[in-house]
Structures are given as C-alpha cells and as structure tokens.
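Chain IDs A, B, C and D follow the sequence of writing; residue 1 opens each chain.
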Amino acid sequence: MPSTDKRAPAPVVELASTQRQELLYWLKLDRALETRLANMLRQGKVPGGLYRGLGQEAISVGSAYALGPGDWFAPVIRNIGTCLVRGIEPRLIMSQHMGRSLPAGGRDTGTHLGFLDKGMVSTISPLGGLVSVMAGVALGFKMRGERKVALTYSGDGQTSTGSWHEGVNFAAAQTLPFVLIVENNGWAYSTPVKRQTRLTDLADRARAYGIPGVVVDGNDVEAVHAVTRQAIERAREGGGPTMIEAKTFRRLGHSEHDDPRRYVPAEDFARWEKNDPIDRYEKRLIEEGVTTREGIASLDARIEVELDQAQAWAEAVPLPGPETLTRGIYAEG
Amino acid sequence: MPSTDKRAPAPVVELASTQRQELLYWLKLDRALETRLANMLRQGKVPGGLYRGLGQEAISVGSAYALGPGDWFAPVIRNIGTCLVRGIEPRLIMSQHMGRSLPAGGRDTGTHLGFLDKGMVSTISPLGGLVSVMAGVALGFKMRGERKVALTYSGDGQTSTGSWHEGVNFAAAQTLPFVLIVENNGWAYSTPVKRQTRLTDLADRARAYGIPGVVVDGNDVEAVHAVTRQAIERAREGGGPTMIEAKTFRRLGHSEHDDPRRYVPAEDFARWEKNDPIDRYEKRLIEEGVTTREGIASLDARIEVELDQAQAWAEAVPLPGPETLTRGIYAEG
Amino acid sequence: MALMTYLEAIRQGMWEEMEKDERVFLLGEDIGVYGGAFKVTAGFLEKFGETRVIDTPISEAAIVGAAMGAALNGMRPVAEMQFIDFIACAFDQLTHMVSSTHWRWGAPVPMVVRGPCGGGVHGGPFHSQNMEAYFFHTPGLKIVEPATAYDAKGLIKAAIRDDDPVLYFEHKYLYRRIKEEVPDHDYVVPIGKAALRREGTDVSVITYGSMVHTALESATGLEAEGVQVEVVDLRTLLPLDEEAILASAAKTGKIVVLHEDRRRGGIGGEISAIITEKAFEYLDGPVVRVASLDTPVPYSPPLEEAFMPNAAKLTKAIKELVNY
Amino acid sequence: MALMTYLEAIRQGMWEEMEKDERVFLLGEDIGVYGGAFKVTAGFLEKFGETRVIDTPISEAAIVGAAMGAALNGMRPVAEMQFIDFIACAFDQLTHMVSSTHWRWGAPVPMVVRGPCGGGVHGGPFHSQNMEAYFFHTPGLKIVEPATAYDAKGLIKAAIRDDDPVLYFEHKYLYRRIKEEVPDHDYVVPIGKAALRREGTDVSVITYGSMVHTALESATGLEAEGVQVEVVDLRTLLPLDEEAILASAAKTGKIVVLHEDRRRGGIGGEISAIITEKAFEYLDGPVVRVASLDTPVPYSPPLEEAFMPNAAKLTKAIKELVNY
C-alpha cells in the first residue's frame, strides 16, 4: 500500500486570480441555483423531492475543477456544483427537476441526469452501484491507453453498501484511473456516521483496498481542489485509485421535506454555519486582493440574472407527452 | 479502533495433553474423511462435486475447538473439520455428499449442511451472504444478553463480495459477539489473491471496520486455537468482532475435478507440503512427549475403523423418494 | 374499534406484537430516532428501546441476512426496506439464502421484510416500484399486500407470527389516504386467503393492493350501466388463493386481472395462466390484464398518469370484455 | 462448415467478434488463465492478452457495473457469470442501473452478460438454476437462450453487436452434448426472432433452450402415434417473438408452453397469458404449461429427475391436451 499519510497537508497548487474568481462563481452559482430550486419546490413547480448540498459546495466545485478535458464524472445527489463546473447549464437542471420534456423527457428525478457528450454518468437512487460503473469507465480509458480519469462521489452512508465495496476493490485490483470522493457530511438521512461504522475517518476504508486514503477539509475549496488534482494526476500516471474523504456537514435535512433539527444536535448547525465554505472563500479572496465586496455584489447580481433567464427558459419547456413514454426502452430494435 | 497489532504473537493457551491428543484426532479424522470422500467420488458414489481442505485442517479444527457450548458456527466449503469438532458425525457428512435421504433429504450438496440443535448454520454457494446471517445470530445472543458467540469462515476470494462487506460492517457497527476467520489459502479457484485485491494481508480489511485484524499461521493448530480463543473471549466480553486471517495454502484443486498444477506454481506445492499442519503437529506432540509413533499408528487405525463403519452406514441410507421433493417448502401451511 | 389509517394500522399491528412477544424486534435504516422515512415506526424507539429498534447501516443485504440469523436464533425480526425498491439489493439473500433454508435443512426462518411500494407520488423510477413479481418465482417466500387498514393490521400480525419468511408490501399511496374502523383487539388476517370485496355476476376483477380501490371505483361506476363486477382482493400473493380465483372465474367466466405493477412478467401472467389451465371450460372470453406499461416508473406527472392503471382504463377493459 | 459443439460455437462467436472489433473484451471470474469454469474462454487470454481478458475479483455487482461503465465509454464488454445463479448478486445493478440507462438518459449500454444455466448435472440448488424469469420483468434488458450450436454462435455475435444490454443464457447440459455443422463465416441470428423447429398441425410446443430437444424427442415419439407436434424455439425470450407464438397458436389451437425453469412465475405464465389475450378465439383447449416443480433445484439424482420436465412428462401433457 502506498505510504500516503491520510492527513498529509494538501499539496500546494498555484491558482491564478481568474481561476479563483471562477471557483467563487461556481460556488455561488451552485448555492443560488439550489436556493432557487427550493423556492420552486415550495411554489409547487417541482413535483418530486429536492436534495440540497448547502455548505458542501466546496467539495463538488473544488473536485470538479480539478478534472481535465475528456475526464468523466458521476455526481450523486448533492453534487449540483460538479454538474455546473462541467458545463451542465442551470436551466437544464431546473427543467429536469420540474419534470419537463428537456433535457431527458421528464423520465427521472432532478439529479438523475447524464450526458454522454460531457462524460457525465447519471446516478440512480439505489446507492453503491455507481462506483463500479465509474470504475468501468476508468477501465475503458486504461484499455485504450488514454490518460483520462473517472471521478465519482459517495456519501458517508453509501460506504456501507456492498456494491460500493465491490466497486472500490475492483478499481484497486485493476489499478484503474479512478478517484472517489467520500463526502462525509456526518449524516446519512437521520443516521450519524457512528451508527454506520466504527470508524472515525472514512478514509481508513481505503486501507482495505491497498489504495491511498486522504482526509481533506471539505469546506476549503482550494484544499479539495488540490488533493483531487493530486489524486487525478496519480491516476493519470497509472498509479491507480485514490479515496478522498472530504469532511463537511449537511446543514439542511436529508431532503427539503425533512427537518433535521429533530435529530441533529443544534450546536452542530451553529458551528458549521460559521465554517461556511463560501463565506470562508469570499473572505480569503478579499483578504488576498483577488476580489472586493463590490466585486462579490456584482457577481451575485450577475448570477441572479443568469438564473432568472434559466428559470424562464425552464418554465417554458413543455411537459412530456404521454406518447413519449414507451420510446427508447431499447437503443436498438 | 483497538490498537491490536495484527502480528502480535498468539496468546499462550495452556492445553492439557488430552486436549492436544484430541486436536490431533480431529485433524486426522478430517483428513481421512476427506480422503475417503475423494475415493467415494471416484467410485461414482458422490453425484456432485467435492471440495477438500487438504493442508488447511488446522484452521477448521483449531478454531472450532475454541468454541464453547451454545456458541454457533457456520462452516464454508473447506471446513469439514469444524463440523467434526462440533459433533457432526462423519457418516452424516458422507450420506449428505451421496445425496441420500439422511440427514437432509438429499436436497443440497455435500457441505451445505445445517443443524439447528448444534448451532450449525448451513452455507450456500453464493459467497458472502453467510457473514450477515451469522452477524444476525450474534445479534440474537446480544439482544438476549447471552454470553455466546457466532463464528464463521470466509475464503480470501469471498472478501471481495459486497455481502461480505455489509456483513462485517454490520457486525462491527453493532459491536456483535462475532468472529470471522478469513482462510487465506492463496487462491480463489484459479485466481490468486493479488488479482482479488491489492492487499498482502487480508487482515488489513479489518481496518475498514474499526475492528481488530489478526494474522495467524493457519498451519499451526494451536496458534489458530489461541487467537480464536482470544477473539471469542473478546466477543463474549462485549468487545465486538475480530477478523482473523489464517495464512495457509490450497494444496489441491478448487474442487476434486480441477487440476491446480495448470495455474499454481509447482514450487508452492512443494513448499507447503513441507509445512503440513498434521505432520507438524505430530512431530511436535512426539517431541513434547504427548504421543508416540505407535500412538499415532493406532490413532490412524482407529480412525479407519470409524470411517469404515460410517461409510457402511451411509451407503445403507436410501436415496430420497421423489414424493418427498415438494415437502417443507414452508415451515407452516 | 378506532378509526385509523392504513399506516396507523400497520403501526398498531407491529406495536401489539412487540408488546406481546419480546422476540419481535425491528431493524432498518432510519427507523429509530427518525421513525422511518414514512413514520411507520415513529415512537417505537421510545417505547421499546434501542435493543429492539435497530438503526442499521445502509446495507439491505446485511439487514436481511442479519434478520435471518436472528430468526434462526430464536428471534422474530421485522426488517424495513426504506423504499421497497431497495429490496433489489437483498435479492440474492432473499431468493437464495432465506427462501431455501427450511426446505434445505429444516430450519424455520420466521422473519418479515416490509416496506413501502407503489407509485402515484412522483417518486420516479426507484421510489415507486412494485417488486412482487421478482420474488413470486421463488419457493419458500410468502408475499402479502394489504389493501385496507383492517388487513394491514391483521396481515402484519399474521406475518410476524408466521414461521416462514414473509414479504409485506405496503402501498405508500394508501398510507394516509384510506381510513377505516379497525378493532383494537388482537386479530389476524390469515395468510393465503383472498377476500371477496364485491360480489358480481358479469365479470371478475382479480387484484390486490391499492388497485382494489381502483377496481371498486370502476365497479361502482359500471353498476349504473348495469354491469355487475365482482372484485377479488388477493391479499396474499404467495401462496396464491387459487380456490378463490377459480371460484370467481367459474362464476363470471370473464376475468380481468389488474395490478399496478408492470404488465410483462407481472404476477398477472401467472394468474391468467392458472385460470386458463384450470377453468378453461368456464371462460366466456379471454383473461384480460390491466397493468402498468412496460417501462420504468416515470417521474413527470403526465407520464406517470399514462403509465399506471386507473379506473377509466379498467372500466374500458371491463366493457370490452363484457361485450366480447 | 465445421462440426462443433454448442460450447465451441459460443467460443467461436466470441472469438470472431474479438478479432473483428477491438472494443470487444471479456471480464469475469477465472476466465483468463483458467479459461472459465467450463472452458468457454480457454485460449482467449493467450490470443487476446490480459487487457482484453480480465480476471476479476468475486464481485458480480462490480463485474456488471464495470461492464456498463466500459460500455458507456465506447467498449463492448462480455461479462461472464461463473454460474448464472450468481447473477442474483448483480440483480440491483442489472434491473436498476443497466436496464434503465438508455430510457432514462439516452445512453446506449452495449454489453453482454453470459453464463451457464440449467440443471441435469446434479449441481444442486445454486448451480442449476434458470434465471430468465427474474429478469424478464425488467424493461430495457434483452434475453436470449440458444438451443443449438448454430444459434449459440449466431446469437452471441448478435448480442455483442447489439447496442442494448443482452443476457445470454447458455445451457450447461448442452455444452458438450450437442454438435452440428456450423458455418465458419460470419453470420448472426437476429435477436427477437423465434425458429420453427418442426411443423405440426395438432399441437404447438412453445419452448427454448435445452427443452427444445426434449420437445423434438416427444414430437418424434408422438408422430408414430399420429400426433403432429409443432415445435417453436423462442431463442429470444425478451423481447418475445409474439408473432411467431400467435401464428403457431392460431394454427394448432392447442398449446403447451414448456420450460425447464420452475412453473410459478416462470415466463410460461406470460406466454400463456399473451396467447389467451390475443388468440383466445383460436384456442381449442387450455394453454398448458410443463415446467419444473416449484422447489429449489434438488441435488440428489432421483429428486432432480422428478423435478425437471422430460420427454415422458411432456408427451403425457401433449396427449391429454390433444384429447381435450
């Protein structure tokens, strides 16, 4: 097993000011979009559920930002930020949540989206199975000798599933160019990590597969970016998979319908609110002269305009017609 | 995670001479029975397959010998020795292999045996699922506050299955009185451990669950007994599960129909033959004055007589009648 | 007697069994503090404690496996699947391990696996399925699906007391939508017995679960048009109450098999085949199936509407059959 | 043309596809050095190398998942289940992930999952099953099961070239027991098309897999008694060739559906239901099913004999139907 220390400091990655501004934009766009989706849900515009990643945006954004052209990825339910960074437009995420005919015929729920041309594989509800699918994507790269990487995400809870184990072990046994981000937000629905497993650090799960397991502050977007980039580089060089545990906290309920105050200690909310990844990053960028209060205000305004337009577009997309339902069961025949 | 060193020397367990003689008897009975089953297979008396544990007997026998009254256990295919130590008679193992109406109606194959009154749970072919079943047995003990333990086995290959992961994690998360012996015999059918996983020590899998993982020389019956006893005691005291990796070697094919010389390096056979657990134990017991060459010869003779009788009994058991087939699908109604 | 919902009836049935028999316990994801995704087990942790109300890791195969082990070891576990769709993750455990145990070596496995099934709530492809057809082929399992609050209580109690593994499918659409007077006292609804919900002479609708209500709606509507529809609620899907099915078939000679599950490979095929095999001489027309379309369960409301059977679609099928 | 066994025909079909298309690769347990438990892939590692013949960990869910991922990413994987029974461990992956992908987001999943099915070799409950009924209910999968060497080759090639996930069930009893002349050249047997194996006018046997041979045996025997039996070999189980089934039903009016799989919930129920629904007016007797008993597959030879259908049992059923 590589002798990676799971708490080794994240490698330093030099980011240009424009890149850091981009990161801030994605973080804020992610949050604003999810906030808007929550409003749309309340207005009855989203027929199903909504799963938000409030306070976890740095994980989606930081990791996605480390991907290169041609790399593939598969978000799970709290990774709308990943989709955004990889070029999935907010309007499509909205219309999908609304059950509209675009982008995918209204067939599946909000975050179950995939786009082959963007290398984005759709998650499904049953947890665990996506890991081996993304290992298979990585296998495709390896077989063809392409220096590309497949990256996916898992919650803390998902690590208990059998499919998850098989997938990680498969990727490790085959030394595949594969990166797994384990988002440890403390909870799986109402179940705290301590009921899921006896571990404190989920990164220790990596030890069962002989691959590096790294812990990172999931609320530090640049740290997430740096460790992901390192893992991606290792994978590209043929060094096999890495598991990254990003520590964070689920600041809302499991879904928008759920009130977490019933089972999550109140002080945790307070503590983690103070550790907000966007507040932290804004502060840092202001301190380091990358942006200003005014710059941020105009960024916010720009995002609202973008989302107004996106929403207008999404609301104009028609619902799918019943006659479409039986189409496309097969690709052929 | 308990700070157990995976290679800590096995604790010293004082065994009386009679106990050591008993261990030798079980080892030799196991081997003689399996040898006889192989002959019966060649004679066409066993309609299905045969899976032998030649050279692995010390694991079955040493671990089973550590169980107390009322403890439950579930052997897998190479654990006939476990059955013997726990009171399953050779004649029943024979008649089961022969598809006879006793002990279980000829319904399932040779090692798929269970006896509720002996706390023996039947394995089935699909690997992995037995782990959580035995965790459930342990859960029963824990719920009722009984100081009893559930013990089961897994091969190296089985550790790759999703069910195995779920079962071990469940037992760990619930701090159950559960002991898992991972028999690392180097091979899963034709697949070497290095294709199964990137690990050298399968005991490292335990780190993913926050439970102790211990390595033991699987060809040393007293060492296996000692570490198992320690694990059982820990479990009885409420300390939760232990995973024991017993290192050994599969000296025959996967099944009796398989020729392993096609894929296993020849030198491995030679090396491990010299490390035979029965030869080693005989030598040791003779050296330590517990038995003599003559004592061993008469033990062998006694075993042959026992097995002659067992075989005669088994061969006299009728095949099941077709009318029995549909009985007992349900326990009720 | 108390007026209660389908959901409350399930709760009460489990509650009573847990009070009565300390071998009974619950395990599943988020069933403790949270009381389950649908609150079916709300209050159980407070009443029965952590030992008997166990929040598990997300591990359906282990939940089922552990339930079986505990059952072998003298307990009577009731395992919850958060949504019944996830029972797919325990497919090997149920169809190979659990189901075969008694037949293979004589050990009874008294356990229940229960969970919310069915569509109509815009849950999308993985929170809306009906899974009975996948388990119906396996010897050794029993499957029940109540349509009423009375049966919900009586069947969960019967399932818990049964010495065999019982899959108990509860329709999430019914949870809070139907209410009836349910006896406070101890009763069971026997496993294996269908209920005649409505007598009729012209055509029989054989159905179960939430579709019983759809069938009754159609039947009421058709009465006005002079068509007498008989409605058989199977209640137990495995073992099927063939007697009840064949009796109704012999009586009306015209049969519609109705289920919310997809058509192809749904249990309607088996029911149709049994009727044809055993009551052919009574048939005055083809056995007709009304079921969902052969697609995953769609998310978007107009699609889900088109996907699922409803009273209008059933009425149309009945009329065609009556005029056959 | 070369005389070859069913097993050799599968081998040759895969071999040709791998030579022709470098996107095609194999993965599974012990398929490399060992050449597979039944030697179906013997020699492939030597010819195509480790990159294209991958020995995997014992992880059916990951094998299927990885096959899907590779398929999305431009490859054409052929995954082996060592025994088809173990496909149960990949049930969630196949019925939820793989099957729904094209319908849900338009991505084709060109992959094959193949493995030995069926009984008659004293393999016991977990090495003898037929698993088609468990997957037949799922939209998005295709299922084929060849009965002859010719079809074995033609169908594996068609399956590999198909843009959808195809389950390819090969009957282990046939592996080395049947032989025929198989063209050396490239051909496919189209997915979705049944074959009329024998024309007859009195009764149709609708069947597939190794039971085709049983049906032909019965048919030959009954000819001497003046009964003309038609034998339809489905070849593809999903999507069913309804046209062929209904044409034969219309022709003879008396149908036996025969499969080695257990009766209850087997695909025979669906076939019977379709016939009753769509060809009721042609029926001169009930659609009769001949299948295995509703128990696990027993190990002991006299039990397995009693469990499985055979020519004698089929002949009896045909005679009863002819005299109906």
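Details
FYI, a residue touches a chain if its C-beta (ideal position, glycine included) is under 8 Å from a C-beta of that chain, and two chains touch if they have at least 3 such contacts.
These numbers were taken from a predicted model, which means no experiment stands behind them.
Compared on C-beta pairs in contact, B-D and B-C come out with B-C as the pair having more. Greatest centre-to-centre distance from subunit B is found for A, with centres as Cα means. Averaged C-alpha coordinates give centres for subunit A and subunit B that are 44 Å from one another.
The mean-CA centres of subunit B and subunit D are about 37 angstrom from one another, to the nearest whole unit.
Each chain gets one centre point, the mean of its Cα atoms, and the points for subunit B and subunit C are 41 Å apart.
Look at where the CA atoms of subunit C average out and do the same for subunit D: the two points lie 31 Å apart. Counting partners per residue, subunit C has 56-57, 59, 61-62, 85, 88-89, 92, 96, 100, 103-104, 125-126, 139-140, 294-296 as the residues that reach two or more other chains.
Residues of subunit B found to touch two or more other chains are 107-108, 112, 124-126, 128, 160-163, 166, 169, 173, 195-197, 329. Remark: subunit C residues 25, 51-52, 54, 56-57, 59-75, 77, 92-93, 96-97, 100-110, 139-140, 142, 162-164, 191-192, 239 touch subunit B in the complex. Contact residues of subunit B toward subunit C in the complex are 72, 104, 107-108, 112-116, 121-122, 124-126, 128-141, 143-144, 150, 162-163, 166-167, 169-170, 173-174, 328-333. If you check the complex, the residues on subunit B that touch subunit A are 1, 128, 160-166, 169, 172-173, 175, 195-200, 204-205, 207-211, 240. Interface of subunit C with subunit A (complex): residues 29-30, 32-34, 37, 55-59, 61-62, 82-83, 85-86, 88-89, 122-127, 293-296, 298-303, 305-307. Against subunit D, in their complex, subunit C makes its touches with residues 85, 88-89, 91-92, 95-96, 99-100, 103-104, 125-126, 133-134, 136-140, 262, 264-274, 276-278, 280, 283, 285-289, 294-296.
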